[in-house]
């Protein structure tokens, strides 16, 4: 019986983990290239969620269509905030960029609050369910998972096959060196920030396909914290690492619940979260480059 | 020498006393302060509360002609500040309300936590403190003298639903409890657990989940494995929405699902559509509830305040057209009972007002009001139970307040997806 | 006379790269030594190993008769190892005087130099290196040459027995270099400080002043000889003439 | 001798500010709770400055020390209330417990996280804060998420009158005293070797090591001092003043952000900075809640961005540059 529950939760966790992973790639990309930790990460996820919600409820458009729309909105926001704020902070101490990105997040949250309101919203996009022996999966979750993998693959192709992608990788490895070699570092920063934000906003769409309720201006905070753990699992500066970090995180979060629930004196949800932060600390101490890197 | 001292003290007291009484006589307005949660984490419930209060204050001033004190009617002034849902702001704003604005009563901020935050400060200045969004029983176990509860305490939230289900289906035994791990919801859980056991239910699953949860899948998978017939759960709005949605995703079908808070809000239906059919939930108040001057007469208590229709109409003036929910109603009841207490005391002196509260037994649009004289805990107000039936909320319990019959058992999620509605024939 | 510093077969690797390859060397008190090697030859790593920024994988380092191979850098400095950096690293927001006082405060063995005393030492050192007019300026606002001078002063305030100078003269006008080298040599002689000056190219001035030259190539020591002899060594000629100094590779 | 005293002149504006706040609070009706809030912000700013301002390390999980300090006071009162005749000592025990617990936590966190730098350190400290909170809730330590409500026990010890006086007046006075202590410690650090060491490691940690500075030791000293001070502030401002606690409220990360804003607004690493920052932040926030309820954050967010981008050295940093060479120089550090 426990076995079936565990298998069910692990399946759910794997799928959620894929979406989590995709939702963290932007954070890792931005840190990897610019050295900026985007504390306002969750607010951009929220923008994606609202994009989906409004397209669906106002125009009746499917969340699939929201994906490219969110990418465009995200990239536009990314360029905007890069050239207005971030450009001045790439060489500043961490404190400055942490606080500035936090303020950007707050600005987005409050703007949405004043234009749309603080209601918790949701939408109903029913495209059927698959019933497995161990669990039941709505098709929307499966679409979200497949979408995450496709976007991760596209990013991989962009990195490896395009000129701009190669330049971004060069900057990630050595900022000064890349500058000497004729790469316009400033443009690469702007592009990476925009793509990072674009990915994050897009992940907001996928997250609502997984959990289509609870959409409100302040929904991002929880995802920011999760994204930190996931990013560290993957090595903080590596977008692919982040994707696999997400898968691992999803498995831990859902898989260990059933196990903690066996101990009556524990509150299993809080324990799974405790465990995830414990793992974060251990990795930072033992292997700050993340679980997947050889170095 | 000693005598002289005594004499002067007496004279001083007398003069001072005179000053005080003249002051009391010179009351030209009654002021009610409120550290409102207009922003921050409770912004939603907090805005509702402020609409409700404004509506009832308007009713008092315009329909009732003000507050009757010392033989004449003086206006009721409402002083709200935004506390950002933060405790530092609550204490400092109550300090300001008490001393600068010289309020005669304070409506507590939303939530059990913030109600507790402000209580010692209100207590210090000796100002009647009305809890309109603090349901936890623990607030009233701390010996606060000026705290008064307007709404039903948390432990009674699910009592009506449990009674109702017992009556509807004496054979259903297996009950699952899954509540949010917040002060309020834990109290609800405790009350529900006790009551359900007394009525012979078997608790097959009993678990909490943290605030701000964004995926309940693991808990619900375990819950499904426990094969309950009835589920009681919830906490606040977002988790309730998530709970019902993910039950549908995991295809968990039970005979009845009763959830606190979320079910009663229109946004629940907006977000989940047909999935809400047949779900029940307790409410402090519901539009259409049959509290009326006639009902008051029937029970034999006085009526005060606007009728349900009047209240909703007034509240919409302040909400920009949004329908008030029970957060608005419970908050709106606070100025009503406060004004009644002031009138009864015929004074704005805190101790007299507080004593008047003890004597009060009345009905407003929100329901009945009577408190435990020692603790201030609400004892008479009762919850109603609503059910989503064909896209509308219908009051199904208690029978005397009901506007319709309970639909039981709840349709399965597959049936709901095919368009089956929970309207009883 | 026992050597001040002795390295025995010191090796430092970064992953697969051997940055310092079995280097052994001895430095006597008061000696003036030039270490020469092209970019990437392991000079800075060697300095970092000597003052403890990195621990070597193999070999031992003995300073003043004490094995310091595994000693933390902050414990080495007070023994008498001072250092300047290739790219100056001043404590930018603090004044020149405060910067130099830090050297006096923490860089001496007794560890009992108080704030006041350190500031006095700083004032003396400032006068000595001729930075009086910049004394109360923020160190970050100095010109690169002034920063280098300040770093030297900061190291001198530590009363070192050994002064490691990483490209101290790079970017200076040739006349300034002559002056600077002469000045350092004078102080070194006065205070009996051994100086190890590291240069990328065979700088006439530096190498000319050095009593001995050590040449590093790909992490290994290839030449260790009195200056004149070293410069005529065919290996050195090959490194510097056979392959002209490389630019930054992409 | 006089020059030795002159070194402590910078305390004058700080203490003057606290005195003025105290006097306004005492004498102007309705101002006490507002002053209490301002002093609370001053005190946490002052404490945080000792770590963030002087070392440059960004502890995003700083609120954990406030949380554990609150637990110190709560545990003392809720466990010892039945012992007759303990009276005021229970508060002292609570304060000592708060210092010890926050100090101990800082040693543990410091040993682990202070090895990391920059963003890694910031993320690790968030991890500590969240992890610690979830451990308390998950393993149901100290009542778990039910928190501790000890208003009743508090009243039991002191009686209704005194209890209310302690909660609404003395708790705030204690916070002022801790804030004064914080300012004094900050200045002592600045004047002593610790200040030079911290300055050096903030500017360039590797260079500092090579100069003979045991950076780990000084970082830990600053960390423990800062953590114990803020633990004590919270013991009074959250424990004694509110007489209840819920873990999710006292580990709320937004307080860390407020600390950061206060320190940065005023000027990181300066003595007067946190006070100036706290006053500006606290007052503007307070007035905005009254004038434009609900809009505070919308107004604050762009202001923060402008400050970070245009005035990273803060109000006092700018002021310090302005007064250089004038009589005021001695007073503003």
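Which chain is which? They are A, B, C and D, in the order written, and residues in each are numbered from 1.
Basically, a contact is a pair of C-beta atoms (placed from the backbone, for glycine too) under 8 Å apart; a residue touches a chain by one contact, two chains touch by 3 or more.
All figures in this text were calculated on a predicted structure; none of them were measured in a lab.
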{"item": "Middle chain, criterion being Cα centroid separation", "value": "D"}
{"item": "A-D against A-B, pair bridged by the larger set of C-beta contacts", "value": "A-D"}
{"item": "Distance between the centres, which are taken as Cα means, of subunit D and subunit A, whole angstrom", "value": "33"}
{"item": "Averaged-CA centre spacing for the pair subunit B and subunit A, given as whole angstrom", "value": "38"}
{"item": "Geometric centre distance via CA averages, subunit D-subunit C, whole Å", "value": "43"}
{"item": "Centroid distance [mean C-alpha coordinates] between subunit C and subunit B, Å", "value": "75"}
{"item": "Contacts with two or more other chains, residues of subunit B listed in rising order", "value": "39, 43, 181, 208, 210"}
{"item": "Multi-partner residues of subunit D (at least 2 other chains)", "value": "137, 145, 297"}
{"item": "In subunit A, residues with contacts to at least two other chains", "value": "113, 267-270, 273"}
{"item": "Complex contacts: residues of subunit D adjacent to subunit C", "value": "191-193, 196-197, 199-200, 203-204, 206-215"}
{"item": "Contact footprint of subunit A on subunit B as seen in their complex", "value": "39, 41, 43-44, 47, 181, 207-210, 212-215, 217-219, 221-222, 225, 237-238, 241-242, 245-246, 249-251, 267, 270-275, 417"}
{"item": "Residue numbers on subunit C that touch subunit D, as the complex places them", "value": "51-53, 72-78, 83, 85, 89-94, 98, 101-103, 105-108, 114-115, 118, 154, 158"}
{"item": "Complex contact set, residues of subunit B against subunit D", "value": "36, 38-39, 43, 80-84, 87-89, 91-96, 98-101, 113, 116-117, 119-121, 123-124, 138, 141-145, 181-183, 186, 208, 210-211"}
{"item": "Residue numbers on subunit D that touch subunit B, as the complex places them", "value": "29-34, 36-37, 40, 137, 145-147, 149, 151-152, 155, 160, 164-165, 167-168, 238, 241-244, 246, 248-249, 286, 289-290, 293-297"}
